[in-house]
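Going in written order, the chains are labelled A, B and C, and every chain counts its residues from 1.
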Amino acid sequence: MEEHHISAFIEYANSIAIVAFALSGALTAGHYRLDPFGVMVLAAITAVGGGTIRDLIMGVEVFWLSRNDYIYSIVITSLITMLFVRRPSHVPMQLLLVVDAFGLAMFAVLSAQKALDYQMTGLMAVIMGTITGVAGGIIRDIICNQIPLLLRREFYAVVALFSASLFVIFESLGFSENFSLFVSMICGLVLRLAAIYWGFSLPAFAIDD
Amino acid sequence: MEEHHISAFIEYANSIAIVAFALSGALTAGHYRLDPFGVMVLAAITAVGGGTIRDLIMGVEVFWLSRNDYIYSIVITSLITMLFVRRPSHVPMQLLLVVDAFGLAMFAVLSAQKALDYQMTGLMAVIMGTITGVAGGIIRDIICNQIPLLLRREFYAVVALFSASLFVIFESLGFSENFSLFVSMICGLVLRLAAIYWGFSLPAFAIDD
Amino acid sequence: MEEHHISAFIEYANSIAIVAFALSGALTAGHYRLDPFGVMVLAAITAVGGGTIRDLIMGVEVFWLSRNDYIYSIVITSLITMLFVRRPSHVPMQLLLVVDAFGLAMFAVLSAQKALDYQMTGLMAVIMGTITGVAGGIIRDIICNQIPLLLRREFYAVVALFSASLFVIFESLGFSENFSLFVSMICGLVLRLAAIYWGFSLPAFAIDD
């Protein structure tokens, strides 16, 4: 595949991930009865929060700063959600979960790639991938006054960790960047979908009083 | 008006906004029975949290870092609040709301101006204005374990968005910076005060289970 | 004492502080029944959250970015906690409080030193020390949906403020860096341990409805 095909793919994938996470933020906002601006704020934080924290920690320009299209995607996603969704039954939840799983795997792998591009170690690349995958959702849940479900019962953070690690391993084994990107993303996606389908969950670490 | 008059005005306005937001943080701290250092921490986060996040995202020096006077204002505001306020009835709530409204409009417009000064797009200037206006209050409410009211019922985030947008529009129409600053600030202030007086609120976006 | 002895001491002290705070995060995670990855995320945020915010605000490279050993310490601390702790009675709480107090005093003093090294004012050095001492614990409590105890009843933020201030005062009086580091750390540690032993607490600032 040629270079510009890959970057076009990455571009699309990134946008889909942004929209998926914005949708998840907007739906959560509806559950907690935020006003329209609250909906947009929550959608934006969920969609770009993880990548923003990653970029601040890496010390590079925040990714959405020089581009208006990410912001437009979030606003449009919020508006469409508010116009068309009135009950959870209006949302094709299966589709949402698949789209969110795709976003999670994409964000994790693309962030690991970004970290390696900036000469960070493999360990740091995995951490950047995990931060990008989970931080937006953690802040969304914090604002809505919940203990983040994704740290508790869902097989979620581990998917970000797994797909970012896979990418780093493939890269260090000398595979082509295409191969590493696609395969690690798809493995992450499959793991997350399998976890949803069969209801995987990790045992809780519980200290009983 | 001469250049140094404007910058003196901006200086004063910024300080009033800091004090107003610090007061709001300190009063919230009293409601949740924090200890004196907790009161100062909450006052500081409310007052400078939004501007700090704005500066981190913009990649410029955090605004309070090279100046001690912002910190002194926050400490003094916290001390005075703790000394003189024992009941909500001790606070002239109407005055507080007006001062807070002034702070909100000032922060939003001055942040939009700062973003344009750094060659950011109008959209980003509006976003920086909104972040500065609302982020401190959101973190204050998060620490106190509440779903931020300003995302739910209050006509608040929209005021930041409105006054920052107005400033960007005036600037793009070629009005003088003075005019743009004053008029957009005053319009934001009036909108917020009208919302308080007549009890405007936006309809909640509610997804019913 | 020779230069490399000091830096070796600082190195060890920093690592102990990281482990102490990671342990505190992991134990809190067990109380709220997070899954193993949630435990690691919470341990990491508690351990490096304060220093990360300090470095972002100071505009310097985040301290754990170029070093893998901090991350390994956190992962190992989390794993050991999950393997061996099943009841709070399994944790020697007295030891934990002492280790945490040591971490608090170390983080506060070392951060004040870092700030002075970067030519910041004494006031900013004290603020950086306080942020580093308390921010990780505040975020830990926010994620677990609690109003941070350290802002409410514990004699905690004041210890960070006190030991960072002491360091700045000693430095400005021209004492050697060794002396300033050790004495301010030990005074902070003693103050915290005394507060735990005799149950000091600051009076709450309460606004009654």
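Note that in this section contacts are C-beta pairs under 8 Å (C-beta built on N, C-alpha and C of every residue); 3 or more make two chains touch, one makes a residue touch a chain.
Being a predicted model, the structure only gives us computed values, none of them experimental.
Enquirer: Examine where the copies subunit A and subunit B touch and state whether the two sides share over half of their residue numbers (same) or under half (different).
Expert: Mostly different residues form this interface, as fewer than half of the numbers used are common to both chains.
Enquirer: When the Cα trace of subunit B is superposed on that of subunit C, what is the rotation angle, expressed as a multiple of 5 degrees?
Expert: 120
Enquirer: If you average the Cα atoms of subunit A and of subunit B to get two centres, how far apart are those centres in Å?
Expert: Roughly 30 Å separates the two chain centres.
Enquirer: Two or more other chains touching the same residue: where does that happen in subunit A?
Expert: Each of 56, 142, 145 in subunit A touches at least two other chains.
Enquirer: Okay, in this complex, where on subunit A does subunit C touch?
Expert: 56-59, 120-121, 123-124, 127, 130, 134, 138, 142, 145-148, 150-153, 157-158, 161, 201-209
Enquirer: For the complex, which residues does subunit B have touching subunit C?
Expert: Listed in rising order, the residues of subunit B that touch subunit C are 27, 29-39, 41-42, 52, 56, 61-62, 65, 68, 71, 81-82, 85-88, 142-145.
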